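So that you can tell them apart, the chains are marked A, B, C, D, E and F in the order they are listed, and the count of residues begins at 1 in each.
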Amino acid sequence: MSWLESLKTDTPEEGYELAILLSRMAVKKMQPDDDVRSRLRGVYANDADSLTMASQVVAINFQTIAQANKFWLDVS
Amino acid sequence: MSWLESLKTDTPEEGYELAILLSRMAVKKMQPDDDVRSRLRGVYANDADSLTMASQVVAINFQTIAQANKFWLDVS
Amino acid sequence: MSWLESLKTDTPEEGYELAILLSRMAVKKMQPDDDVRSRLRGVYANDADSLTMASQVVAINFQTIAQANKFWLDVS
Amino acid sequence: MSWLESLKTDTPEEGYELAILLSRMAVKKMQPDDDVRSRLRGVYANDADSLTMASQVVAINFQTIAQANKFWLDVS
Amino acid sequence: MSWLESLKTDTPEEGYELAILLSRMAVKKMQPDDDVRSRLRGVYANDADSLTMASQVVAINFQTIAQANKFWLDVS
Amino acid sequence: MSWLESLKTDTPEEGYELAILLSRMAVKKMQPDDDVRSRLRGVYANDADSLTMASQVVAINFQTIAQANKFWLDVS
């Protein structure tokens, strides 16, 4: 079972969650140690600019997923 | 009720507001503590580069939403 | 009257001006105090990297507006 | 006469030059003082990261212009 | 044999792996020394912002690859 | 003879090389002095974040070139 079976989601909100997963997966592949990532999360979660940068990665991934789902126009 | 029912908005201005919401939601999911986020807002709201970075995230999200709404061409 | 009635502009230059407006509006919504923004402008307007970052936000917004106007191909 | 009559150019190289112009124009509008910009250029032109950041803005603007010119496929 | 025969992949997950490869290849071409890159990896893998920045590059490359694969809609 | 005759390339790998060329050309136009650029290269080639930033510019340019080549789907 793949962690990324498809870019399709039923709703925009699920698409947003998938965008967050995509953003985190790159970090996980570069830093596989769970303890290190947990410690780093404590750092960036308390830094405004770090959070903004992370939000930007989510935005880029969300754009990709939204395109893949044709912006969920049939759903809305 | 989902916080993101649809990417469709009636007007460009509402689309812009939705872009801001999308930008903030990523931050909220990474830092759920309201007090911490409120404190951080006081920091970045007084730093020129922090505001520019945040404006960039809004720009990316607005691009996605504008595409979803076919740039509101029927409206204008 | 909305500050963003439409993404359509008559010319590329007007589209560029609209891109600047979009870039500034996000900052204004996060820092509504005119005096603070005026002070911050004095900071970033004298910093090369700050100006480059701000130029990048304009570039992203201009891309959106150019797409909305089908790159003004009929005009040119 | 507008500084941006059209996004159309005859060749990719001219499109690249226009991308540089777009990138610089945003800076000029935020810092209209020629002397200040000239001084800042001396700073960022000798800093690797500053140059990379500026190259990124050109890349975004070039993407827009390339799309507007349908990638100059008829030319090549 | 080219390191980049095609942008096509069978699955989204393979597309994501290709996005990581594209991101790393640019670094490799600018810093061909394996030992230096290995040392640098030890640095950025323990820095939250460095990881976020790297995740952003993957996101951009993944967008390109997803478009090339028409978002793997036939697969899903 | 132009340094950028066309965005078309025969293969994805050549497209990637062209993306690197586009990224470097902006830097060259802003810092024409070969010696200075050579010195700066020694700096950023040994800094993880600098390399990531440079990789990001390549990613954006590669997206443009991939679109221009319709993702080389006929080739693969």
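Convention: a residue touches a chain if its C-beta (ideal position, glycine included) is under 8 Å from a C-beta of that chain, and two chains touch if they have at least 3 such contacts.
Computed from a predicted structure; not experimentally measured.
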Practice item. Touching both chain A and chain D: give me those chains, sorted by label. Key: none
Practice item. Could you say what rotation angle superposes chain D on its sequence twin chain F, using C-alpha positions and rounding to the nearest 5°? Key: 60
Exercise for review: Would you kindly say which chain has the C-alpha centre located farthest from the C-alpha centre of chain B?
Suggested key: F
Review point. For chain C and chain E, what's the span in angstrom between their mean Cα positions?
Key: 31
Review point. Using mean CA coordinates as chain centres, what's the chain B-chain D distance in Å?
Key: 27
Check your understanding: Using CA atom averages as chain centres, what separation in Å is found between chain A and chain E?
Key -> 15
Check your understanding: Among the residues of chain E, which are close enough to touch at least two other chains?
Key -> 41, 44, 47, 49, 53-54, 56, 60, 63, 67
Review point. Chain adjacency by touch: line, ring, star, complete or other shape?
Key: ring
**Study point:** Chain ring listed from chain A, with chain B in second place
**Key:** A, B, C, D, F, E
Study note, to complete from the structure: Counting only contacts in the complex, chain B reaches chain C at residues 11-13, 16, 20, 41, 44-49, 51-56, 58-60, 62-63, 66-67, 71-73, 75-76
Check your understanding: So in the complex, which bits of chain D are touching chain C?
Key -> 2-8, 22-27, 29-31, 36, 40-41, 43-44, 47, 49-50, 53-54, 56-57, 60-61, 63-64, 67-68
